[in-house]
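Both complexes shown next keep chain A, but they swap its partner, so chain B is in the first and chain C is in the second.
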Partner chain A sequence: MNALTNYFRGPFYIALYTYREGMRRKLLIGFLVLSLLVIFGSSFIATFLDPSAETDIDLKLIKDICVSAIAIFGVLIAVYISASVVPNEVENKVIYTVLSKPVGRMQYLLGKFMGAQFIIMVNLAIMGGLFFMALYMREGVMPTLLLWSILLTYFEFLIVSSFTFAVSCAATTSLVPILGGLFIYITGNLTEYLKDVEHRAGQTGEWFDAMIGHIATGLHAVLPNLQNFSLKMQIVTGQPNDPPADVLIPNLLLYGFLYGLAGFLCAYIIFWRKEV
Partner chain B sequence: MAQHPRLTAFAIMATLVAAGTLLNLHIQHLRESEAYYRWFLAAAVQARMDGQVRENDPDGDLFRESVVALESAGFFDDFLVEYRQDPTEGVLPDPEEQAEEDYRTHRRIWDFARSRHAASQRETFLDLARQQQLRFARDIQYAEAQAGGVNIFNLFFGFRKVAANLLWIEVDRYWHQGNMYRMITLMRTCVALDPEFIEAYLIGAWHLAYNATARMPDTPWPQREWHDGYEACLGEKERFYYYAIDFLKDGIRRNPRNYRLYFELGFAIYKEKLEDYPNAVRYLSEAIRVPHDRWVPRQLFLSYELNGQFEEALAGWQDYIIRFPGSMTAVEVAPRFIMRNQGHIYEQRSHELRKQSYETDDPQQRETLQEQSTAYWERARETWRNLNDPYGEGRLMLMEGLDMRLDGRYLESIALLDKARWETAALWEELSDLIIETKQEAGIPLSVSEKKAVLRESEVGICPGMPPEEQERRLRAIEEIEARF
Partner chain C sequence: MRGQDVHALKDLNIEIHEGEIFGYLGPNGSGKTTTIKMLLGLIFPTNGIIEILGNRSISSAAVKKDIGYLPEGAYYPDFLRGEEILSYYGKLYGLRGADLKRRINETLEMVGMQHARRRLLRGYSKGMRQRIGLAQALISDPRILILDEPTTGLDPIARKEIRDILLRLRAQGKTLFISSHELLEVEMMSDRVGILFNGVLQTIGSMEELLIKREMTVDVDGLTDEVATSLTERGVSIEDRTGARAQLRVGGSLSIFDVIELCKEKALQIHSVTPRRETLEELFVRVVGAAEAARS
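The block that comes next holds the complex of A and B.
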């Protein structure tokens, strides 16, 4: 127990330091402020509509805009933080000081990863909290489904941020991992195209064509599919007590956790032999 | 392990990816099952509303096949009976109990949809959905169930709902500019982007059925055209009503568990706009089967009454008082409607008994039946007297007029019915019809407006494009009616 505590003490302090340093970044604050402005401003979008139509359309507008704002700004924050925590330390040469202490590479990386996750979680909590309050004030009931939506959003970010983190471990500047992170997010949402390729493959009868189909099938199974998390949009505007959502949510949380962990281990494998 | 940390990390990562892959496949299976489940629910609701499953229809065939699999796997003994079973029987369901029951039923369907028992049906469903052959599977948000695999949904990375909202603001702008035809196209795009955009269906249908047609005159019959789908002669104005119906039905297919769509179709379109009470009852009955607001059953009871289903309306209002004892409706409105329906039931029974008395050959039985009929007639009169409002007074005059007609005092009867219709607006049509009936019975010539009213209500209009047999049928009907003038 003691050994375990000792092992995690280092990563904990690194995470704390990463968190403090990360939260001071101007770009991150900018993203956060922008997202809060969009969430706050969503209430005014409804003023564009005809007030004589007495419906809940403004409520739907608020929900959709807020969930999308959280998804867009959240992913930008996740990508930016995950992509910059390690390369910045290499650039500032802080990494040399840290690694010269009795801290293993795994511990260092774990601390950095956890720090990045803290930042993502805190930002998500701030954005989600404001959204939660806006809905509560508008509807007068606790929007509990929103909590599930926020949780699903976090696990989606966990996948994106862990693989972005892995890319950042191979890079010396944060620009490439940022682009890489955005690429991961976009392709993660387009994984279902591979299924399309699979259906269309084999039409010519050529072995190469068939092989493309098999590769697409394999990739579709292995690559994380971020479209699975589209449930986060559905449950906010949908109806409660939906049997498929009850079964899908725990599966998606586990899915996000597994791929998040795989992404982190990928980062470790890359970082292991990195010359610093 | 400690000697080869990188290898260990690699092995763990490979294991995690393998586990992730398995989970990925499982989630894929769940999403396929979800798409199939949503289609099944929509098809089941349609089957419940139609009272039958369509023949020679891909949806109907697959639904029938699925029901057989569902029952043989033991999830339901007789699905169609259990699902169709009216939980209300004219009485309101308890909202909490209903929600729980609803969840239990849907849970069983969902368990079936993802089980191995439904494997073959799921496969068929995906094939048919990809070929766009299923009416209830369009726009299910799972790429595998869409034509071409991946389509417009995926282009927005999940932000299509926002795109739909922004388009809706544009629809609103077109509405204020009066660009009706542009609006329709854009509204369809909105709901294609976000099939769960309930407000778009509701406001869209309202615009189509009410606002778009507000300043349009009724289309003259020669300018109307026959529509095979709706089996009616429609002009520009009338077509908008059906656009609204189609738009809402489209929403129901995509969101079978949302009461607002059934309510809007039943109340705003069928009851208020088209005065098609059987269809109003049909959709409002479905609206109260899913979690709903308090005003929904009230409209259902009113539609029951207008459709002549007085027993159901009476039971409904009585239950409403028990369910919401302190509400203003229960205290002030429901008792009046209970008396109204009670009065109608007495009147109806009296008419039935009188008709039976005319049909019987046994003089003693005839006398008994006539006595019973008179007793009910008096009870109805007493009820209307107790109601003590313009409606009750109108009914009393109507009964008086009918009594006069029965005695052969036609002119007095017509005069009284005419007075009654001017004093009770709610009975205008019923009293006007009675005047016409009385005149026809007495051989009194109808006025020009009465003749027109008879023809108008008989739907005997002829329009271009009408099938010859329908045209023939209507011409014969015109001749028959005109012979009675």
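The block that comes next holds the complex of A and C.
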């Protein structure tokens, strides 16, 4: 037990340091401020709607804007921070001072990854918390559905950030992993369409057509489906205190955790013999 | 397509003695930083053995606890205070509570930064940042210090201060491995030096072994232009002349006795006769020049 505590002490301090450093980054603060402005501003935009239209359309619009703002700015923060925590330390040589201490590469990576996760969680909590309060004040009921949505959104970001982190361990600057992270997010949201490709392929009897079908099947089986984590439609159209429909929360959390773990292991495989 | 393999270091064999300052020299790109990175397990040799304090597992926590490292030009976050940086690195060594506080106080005292411990790093001068860098390398009270360009870019006063700290550390029994381009400083501090060129160790040894005592100098007074011309014609080279005072360098076919006789003959007043040793800079130029010539 003592050995285990000692092992995780290093990653914990690295994570704290990463968190403190990361939360002061200007770009990250900019993303957060923008997202808060959008969440605040959504009520203002709703006042421009035609008063004769559907009675709760303004509320739907506000919900739509806020959920989208959290998803967009949240993923920008997740990708940016996951893509930069390691390359930045290589660039400014801080990594040398850390790895020359009694800290293994696994401990170092774990610390940086945990630090990035703290930052993502705190930012998501700030954005989600504000939306939660706004919704509660507007509707007068606890929007518990939003809490489930925020939890699932975090696990969606965990997948994106872990693979972005893996790409960043192979890169020397943060630009490539940022682009890679955005690509992962977009691809993960399009995985659902691979099913359509799979169904449509093979209809012509051509080998090329069949091959595309097989590739689509393979990709669909391997790539994470980030659409699984979205409760957006239910939040916009349903009641704020409805239970999440059509999703199995524990299964999704396990799904997110396993993909997150896979991403982190990829990062370690890339990093453990990397010459820094 | 495959790039050509580059051997950054070849047949490198260095032994560092406990309690000494070892100066590791070489032109840019000669492999100094590569050596240090290998010592720290940041990059891996294709062949060979690295042993630190009798331990071949250089990545083990037990070995790393005895090593302090100051990289060249490392950046420390501006938003942290001097003591916070040390606290962070100290915790990575497993220091906590009263032990950590004591070590922070001791290292800050050692590098002369007690007065600025609570100031944010953004208010530090370059010299102060370097001293905090040195303090983080010292936080675990390591037996070995590996320093990459510890005084580069500092003003003369800051250099002198860092040099004094390093000499104090040697007096405490620490072993210092210093990679530097500042030859004068290395010469002033080091017990032994090694010169690396193109990944190959060209020479290694103590200053006494490596620097040739090749000339004598005679410090004289009463020199006139006429006498100076006459001495030059006889093969004596005159250096550092200030008015009637100058240094005569003994070389070529003349012996020291010949020069003293000449001084008597010209009625010059002799202040001192000193054997002149080659400087480290001269050794460096000689060794690297020879290696370059051999390569081409």
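The working rule: the second predicted complex is superposed on the first by the 255 of 276 C-alpha atoms of A that agree within 3 Å, B and C clash if a C-alpha of one lies under 4 Å from a C-alpha of the other, contacts with A are read in each partner's own complex, and residues count from 1 in each chain.
What we mean here is this: a contact is a pair of C-beta atoms (placed from the backbone, for glycine too) under 8 Å apart; a residue touches a chain by one contact, two chains touch by 3 or more.
The structure presented is a predicted model; accordingly, all values stated were derived computationally and were not measured.
When both complexes are superposed on chain A, chain B and chain C sit side by side without a clash. When the two structures are aligned on the shared chain, A:Pro224 is found in touch with chain B, with no touch to chain C.
In the superposition on chain A, contact of A:Ile269 is made with chain B only, not with chain C.
Measuring from the middle, so to speak, at the Cα centre of chain A, the directions to chain B and chain C differ by 170 degrees in steps of 10. More chain A residues lie in contact with B than with the other chain of the pair chain B and chain C.
In the superposed pair of complexes, A:Leu99 makes contact with chain C only, with no contact to chain B. By the touch criterion defined above, A:Trp207 reaches neither chain B nor chain C. In the superposition on chain A, A:Lys195 contacts chain B only, with no contact to chain C.
Taking all C-alpha atoms of chain B against all those of chain C in the superposed arrangement, the shortest distance found is 13 Å. Once both structures are placed on chain A, chain A residues 273 are touched by chain B and, in the other complex, by chain C. Considering their complex, residues 37, 40-44, 59, 61-62, 64-65, 67-77, 79-80, 88-89, 91-94, 133, 136-137, 140, 146 of chain C touch chain A.
Listed in rising order, the residues of chain A touching chain B in the complex are 45, 48-50, 53, 55-57, 60-61, 64-65, 67-68, 71-72, 106, 185-186, 189-190, 192-193, 195-196, 199, 221-222, 224-225, 227-230, 233-234, 237-239, 241, 243-244, 247-248, 251-252, 254-255, 258-259, 261-262, 265-266, 268-269, 272-273.
Listed in rising order, the residues of chain A touching chain C in the complex are 6, 9-10, 13-14, 17, 20-21, 24, 92-94, 96-104, 273, 275-276. Contact residues on chain B toward chain A in their complex (touch as defined above): 5-6, 9-10, 12-13, 16-17, 19-21, 23-28, 30-31, 33-34, 37-38, 99, 102-103, 106-107, 109-111, 114, 130, 141, 143-144, 148-150, 154, 157-159, 161-162, 164-165, 168-169, 172, 175-176, 194, 196-199, 202-203, 206, 257-258, 291.
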